[in-house]
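Chain lettering (A, B, C and D) follows the sequence in which the chains are written, and residue indices restart at 1 in each chain.
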Amino acid sequence: MTKTRSPRKTPGASLAAVIDAGRLFHSRGWVPATAGNFSIRVDEKTLAVTTSGRHKGELTVDDFMRVDLQGRALDKNKRSSAETLLHCQLYRHAKDIGAVLHTHSPASTVLSRKHDSIRLEGYELLKIFEGIQTHEMAVEVPVFQNDQDIARMSRVVDAQMKTGRARHAYLIRGHGLYAWGRTVSEARHRVEALEFLFECELSESVLKATGDQS
Amino acid sequence: MTKTRSPRKTPGASLAAVIDAGRLFHSRGWVPATAGNFSIRVDEKTLAVTTSGRHKGELTVDDFMRVDLQGRALDKNKRSSAETLLHCQLYRHAKDIGAVLHTHSPASTVLSRKHDSIRLEGYELLKIFEGIQTHEMAVEVPVFQNDQDIARMSRVVDAQMKTGRARHAYLIRGHGLYAWGRTVSEARHRVEALEFLFECELSESVLKATGDQS
Amino acid sequence: MTKTRSPRKTPGASLAAVIDAGRLFHSRGWVPATAGNFSIRVDEKTLAVTTSGRHKGELTVDDFMRVDLQGRALDKNKRSSAETLLHCQLYRHAKDIGAVLHTHSPASTVLSRKHDSIRLEGYELLKIFEGIQTHEMAVEVPVFQNDQDIARMSRVVDAQMKTGRARHAYLIRGHGLYAWGRTVSEARHRVEALEFLFECELSESVLKATGDQS
Amino acid sequence: MTKTRSPRKTPGASLAAVIDAGRLFHSRGWVPATAGNFSIRVDEKTLAVTTSGRHKGELTVDDFMRVDLQGRALDKNKRSSAETLLHCQLYRHAKDIGAVLHTHSPASTVLSRKHDSIRLEGYELLKIFEGIQTHEMAVEVPVFQNDQDIARMSRVVDAQMKTGRARHAYLIRGHGLYAWGRTVSEARHRVEALEFLFECELSESVLKATGDQS
């Protein structure tokens, strides 16, 4: 397993990559209905984020709009994702974050309703995250309470991240996964890896719960 | 999660959207063999419904026919879906229903054979339904007994809906899901959301029953 | 649910339909590696069957050959499926059988290793089989022992079918499903229905076994 | 079930086959993020192996490079897969190995974390391996400990293979499956068969552990 290395893309190329990522996620059932939302950093002060109410598996370039790092709309006549502030929090938190992808799979939904945190350990795939060089290290994915007041939730997440939690990704209870990367490619690979690992953890939960000693 | 907002489509465009929805459902295994059926409201008195015996994942415009709100054929030489009267009941019940989609997934089939009603609570995805603004509200999906006398079943459903049950969708035991919306887009997104949630509920059933305390 | 009705096809059109069915099955994971085999009745005395060793999800017209009802090759330089005699037995057993499809899914494999027969009851989808008009009727799918002596296995199947067993389809232990129909379309729809129902039965086995009373 | 027989391909045609195999594996979720790696034997002394850090479901001919049987790079400016030495070990071990495919599925990951070896018995699909003529024979797939020192791991695997273990394939704990064949086709079919069987074994683990006597 090797960390993703991709050349820097233009915003247009990045949006195309986000649209492709949405199609992949849709084929997996990870962006049902209008769930999920995606964004990229356009420049120091500007983000492009998916607009509200669009199916994330069927995006076009018109389904994005620009906002600033406080989430204020820079394009008229468009409404950004209801969860824009969660994206902004991440870009302000770490300057090297270039893309944020929020997916919504059955496995992440079920696990987030059962646990306060998901500890992933012993998986080769974990090497996709910074600071993880071996399969013997662990990645902790915290689960934050869902909240319709997104501004408030973004402050909770920010406070937690300042203490060192959610270094790599986080879950919102009953609401899905937030993952990110320096590029769309890196963010998308992390979503693939985490959704894969959540599926493994769900299978292992069933085997453990049934007392399987085989 | 934002509710779907789609511009009003022409009947031709709506049929194309229904055909696409059928392809998506087929790719998920939700319309096996010739199961499932779809309809749209063409005007105040006319519906277009899938004809009988066609595979719903491989529809063409020729696989639809017009019926009136009592289910009487308005096109010759075609036979409408055996379940046409279930569609008609919905369009008469609520004037803003513009599309009805009946799918038939493994998860909905298994759950409908075990339960008299499926209570969905704590899921962000529920906000796709009218009147549901937060994840803390619940949606109840009743399970009606299957019945080869479709006219009789439609009267049972209608009586139940008049008491306030099945506000958002309903299941038929061993026979699948009926969901609807103001547009094909809204109806399809609700099918995606409900089939997703049924999959979550099925996973949770397995974990709960095994006494999983992890 | 309505039984399939399809216009009679030319052999060429039927082969194209078989090739498409193979692609669908492959997309579902029901014809792994070179598993599975398919055939159609060309005329009273001739069948076209898939040749040996080809991937059934990637067939071309060259991957078929003609055999007679005793399984003797009518085309030179080709080797028919190792299971040709199982196909021949069916065409001799019932003159209206026009296509036979053998798939190999995880669900059918697991269930066939646990049970001597799979009883399917209470499912609307069962109406796809002759003689089943309601969901309250049952379909019994017997499981026959696997046997490398295909001629011997075909005699066992034939004797069982003469007693009235395997009216609609049968399973071979650890080896998959045999289903058939008057046309490729009908046979394919029955495969879809049965593989769907096996998936339901597998889920229900897990819930029953875990003592789920919810 | 018949063993694969394919005509000898040119290296270019074999790379195209590997690229197609990667796409198939990706559609199944068996090569998440940048996991997995593939190689072919170009001639007696040369292999072509996937380069490091590329998504194996989206390969192009530029994502391969040549190495010798000791893993030394023969192309400049490219970095071969981190696991190249595992591939080299196989080509040195058996002269008729023409392709090696490493996939990374949820089923193989979960099973490899629970078991020291997976014994597959009673499956018709096992006939895809040399020396297995009937479903009554067994294939043992050993699980080797993961190790970031790939050279060391390759020596462990080699020593085990010299004692007769891992005749057909092997698993690395939490890290996936290594399978091979005389051609890309044969290797890919074995991956399909093994990933299918791992899925069956996982389902059976759940049923067995719950004491299912049905």
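We adopt the following convention: a contact is a pair of C-beta atoms (placed from the backbone, for glycine too) under 8 Å apart; a residue touches a chain by one contact, two chains touch by 3 or more.
Being a predicted model, the structure only gives us computed values, none of them experimental.
Peer 1: At the place where copies subunit A and subunit B touch, is the share of residue numbers found on both sides over half (same) or under half (different)?
Peer 2: different
Peer 1: For the sequence-identical pair subunit B and subunit C, what is the superposition rotation angle on Cα atoms, to the nearest 5 degrees?
Peer 2: Rotation angle between the two copies comes out at 90 degrees.
Peer 1: In whole angstrom, what separates the CA-based centres of subunit C and subunit D?
Peer 2: Their C-alpha centroids are separated by 30 Å.
Peer 1: Taking each chain's centre as the mean position of its Cα atoms, how many Å separate subunit B from subunit D?
Peer 2: Spacing between the chain centres: roughly 43 Å.
Peer 1: Counting only residues that touch at least 2 other chains, which ones in subunit D make the list?
Peer 2: Touching at least two other chains: 27, 206, 210.
Peer 1: Which subunit D residues qualify as touching subunit C in the complex?
Peer 2: For subunit D paired with subunit C, touching residues are 1-5, 27-28, 122-125, 128, 133-135, 189-190, 192-193, 195-196, 199-200, 203-204, 206-207, 210-212, 214.
Peer 1: What residues on subunit B touch subunit C, complex-wise?
Peer 2: Per the touch definition, subunit B meets subunit C at residues 27, 29, 32-35, 52-53, 55, 81-82, 104, 106-107, 109-110, 113-115, 146, 148, 172-176, 202, 205-206, 208-210.
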